[in-house]
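I have a structure I would like to understand better, so I am pasting it below and will then ask my questions one at a time.
Going in written order, the chains are labelled A, B, C and D, and every chain counts its residues from 1.
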């Protein structure tokens, strides 16, 4: 069953504007939060077991407590650079409930004692940018931002920043670089952003959904939030389901929910009586699950990690048996080739190499050793770079090749897809 | 002081030392491209992988600070494998045009591939095509295909010169180093980007295709282009000198040198050198062996001095070594009692100029040494006195220890016209000059050796004395100023003036190399 | 590179404002480039970068680095309408690539180039975050979702 | 060491029979050479020349590209490898960036050459080969310094021998 916590009022258009939002209980939690000490809030968030919703799933309260205890100015950044293929939840959250995000951010900013925050929205989301910018203006007018918010003595300024089309800016240090007006190239860690981030000042970067969830944790308390989800994966999460299902879209479900139910109940199963072939459970960088695995999987951090995949950003891409896996591999690897920032050698050269290998396979020029080479190159890209993009390209490559090796080998041998419906014909691509 | 173990060697390092620095201190080899001691850490080549005991993932040595009791190795199989693949990733899109690449022979890719490479490349796909032979201004040629995007040059223009000409454009494997629409890279330190380029992506226009590096020998010397005295290696072979490159010396120049200093090799080469002694005047020159000529002219001067040392003037430039000056003063000031000693300052206006990094307005290597000696011998003359004396025809002889590097003496011709008014001119210089050949006075030209052909000490702007050893001989017939002065004073040259390195004295190398006879 | 580029007065004022809006002056590069692109028929020319460099007092190379890094800035002229067809995984599974081909054929234009009448530039892009309504395309700033080939052609036909 | 000297035997002291049999052989050959000339054992050098097999390592040839220009990239590996140090190359910048470097002068001092073939072996682009041609007479010393004109375009090469390594093809193949 869907559990609508964050998305409770999403179908009400008035929720978007300040008036409607306030009517539906908006900014009440902020008042409540100002009644608490910042440390208390951090403790509650820690107790709630909230984990980052952007991809890595790092415990949020723990991240906040990494900030050095000093009076240096610190920043709170909201990561709304939703670039992971298959993910579209943040866009919906910003377009339908900008104030929910702002409220969550002010609470979080109060908790970490930051006086300035930015929402970094990916460039393609022009609608989200306009909505959020408008909402911020409303919030300033309503006294929820600016000096001495609600008489609490807490000052906070918020601004939006638009990216300009780079997947890598979804990586937190890449986003910081981009916000600093540089190329969005990830920075070396250490130092971590919590110590030296935006403009070399302590910085907390959280995903849209994480920050919005903070509001509900403070409103209902940690225990109430924990009612949903599992022991280690608490709360609800939005999943963006796309691909070959009847009803694709965003679904808020408690963590630990069976993937099978998500696909076959909530999303109405597969189209045209097709058979399930594979599922990518957490955005294109998550290793793929075979149909068998998908039937057993539950949507929480542990189960998917155990299956060798990951929850990631919660983008569930459902693949039915009409698709050629080699063809999809080409799409995914082309994406990472296109998006590698070009800093670290293994990723810069490796993503290009992988793309070229799989291209020669899909155009019928593959050699049998190419299948093995894909795996070998991918393995040697893992864990060798500054950020995780290299791994993000390597993991799907390894999982596709190991789990669907027969399809790859068939393609190399026969020069055509094993699937009846052919994949896209790259050799005849219309330029 | 954290202690750590590097490949089994335990060493103690300063707090805050990174692992790669510790490796260098321990004398252990480690592969790397992007790390440079004088630039910020980029951490992008991913070659300096090390394994730290207790950490599951390999770490890069350049961005990891040594902690106490760290046990670090780069000899383990996972590290070797990572480096092998790292090298392969560097090379899959590299054009491998070593035969036409100027860097071949001193190339980071060649050297490190031989040491750490995979030797069995698996890349079968077409390589990424990028721009080749891009003209980046007066000094640098860029080849994007050879570039491994280590970003050293970009960081150099950002952090050292702060001119920001270079950038990395585009992304992924389409990334290319370059300037904004090939605007020229024309700061005074641009050659340094070529030095720090570990591959042949940036090559020097001045040196390009003129020699292969393996034909060249190198000699440690100093740059005589200005009073900073940057430490350099001069590259030479039997045909002459070909280029200079900076050598690290934290007291003087760090790792860099300026573009103007790169020209110092040019005045040492045969085409611009005075190769034999000359005597006569305009259009009527007799060539003579330098030593004989020095003896002759010495006798004349000594005779003239006996009839009045005030008729003789000595003009000195700041281009010679302290030893040269000592001999000169010993002979003229002490021996002959000449009082008319003048310091020829080539560019009085910007004598104290400084560009904030290395380059100084005083374009002589040893002004400080000369000034110290002028003081020591109590010389307090002004240049204008000389001009007055010449105009009053008070002088019969003028001896000029002229410039080695004529290009930094813009006033050469004006000054020569002045000297020409003295009946007898003795011109000591390394370079040949049309202006000197046009003198109408009775002139003796004695060829001098350049800084690379002699031993000597130079005092830089800060008073630091730097000893320089002879590197090579280009004009065998030339003399050092010290030798010329000895001959002029009537003495003979003896072997002690060009002492052999002690190792040759101790062991006859024929015996040494071949065993007992 | 003979003609010189200049922003409108409001444009220049906007860039000046952006310079002070963020903590670091560099942060204004992206907004400034957006503005230039808007005023320069959808692309950023080299001379406009030089202009921005003077206006913002930042090195040209830094602006160029940013310009070339992000995909949303065009460094070549584009048609009046920039059509971006998503070809990433969810769209690819639902015919995004075929849609791009069809559009290219229909309007007789090569991928990433301007059509003969100057109306369209059609390019294939990566995920735009509308995977639930695949295939989709972005025409200028607007998302057109849940397309069929016919529907897409119809939408574009109506654009002048 | 001691030597054993064979004393002439009594029969060999009669030398006339041996002279006549020797002369007989000479005349037999002379007559045969006069009337059946194509079976002659010797050549009328220099009017006639002996052709060696194609694998003979004689005089050097610089190969050319399809457009007829010299294939050599002036990498100097041959000169470096040459034990006799008889190769002298001067490199220059080529106008075409895909060629980049080429020799403006390439000289082999053929009198110094020891015909070891190391130059051929060192060449990365099949620019220098050693051919079956071996006669190198000349009237003065300077002619023994072979330049590009001689090495690549001498008359009997008929416009040059084409190199097996083609840059343009390699570029197309993405190497």
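A few notes on this one:
We take it that a contact is a pair of C-beta atoms (placed from the backbone, for glycine too) under 8 Å apart; a residue touches a chain by one contact, two chains touch by 3 or more.
Computed from a prediction, not measured in an experiment: that's the story for all the values here.
Within the contact network of the assembly, the step distance from subunit A to subunit D comes to 2.
Interface comparison, B-C versus A-B: the pair with the greater number of contacting C-beta pairs is A-B. Mean C-alpha positions place subunit C and subunit D at a centre distance of 65 Å. In this assembly, the C-alpha centroid of subunit B lies 51 Å from the C-alpha centroid of subunit C.
Each chain gets one centre point, the mean of its Cα atoms, and the points for subunit A and subunit B are 55 Å apart. Separation between the centroids of subunit A and subunit C, computed from CA atoms only, is 24 Å.
Across the assembly, subunit C contributes residues 62, 65, 69 that each touch 2 or more other chains. Residue positions of subunit A touching 2 or more other chains: 166, 183, 338-339, 341. Screening every pair of chains for touch gives A-B, A-C, B-C, B-D.
Within the complex, the subunit D residues that touch subunit B are 73-77, 80, 91-93, 97-98, 100-101, 124-125, 171, 173-175. Residues of subunit C that touch subunit A in their complex: 21-31, 33-34, 62, 65-66, 69-73, 87-90, 92-94, 97-98, 100-101, 104-105, 110-111, 126-134, 138, 141, 143. Partner subunit D is touched in their complex by these residues of subunit B: 97-100, 104, 125-127, 129, 132-133, 208-210, 212, 214-215. The residues of subunit C lying in touch with subunit B in their complex are 1, 46, 49-50, 59-62, 64-65, 68-69. Those residues of subunit A that touch subunit B in the complex are listed here as 166, 183, 188, 190, 337-346, 348-353, 356-357, 359-360, 367, 369-370, 373, 376, 380, 383-386.
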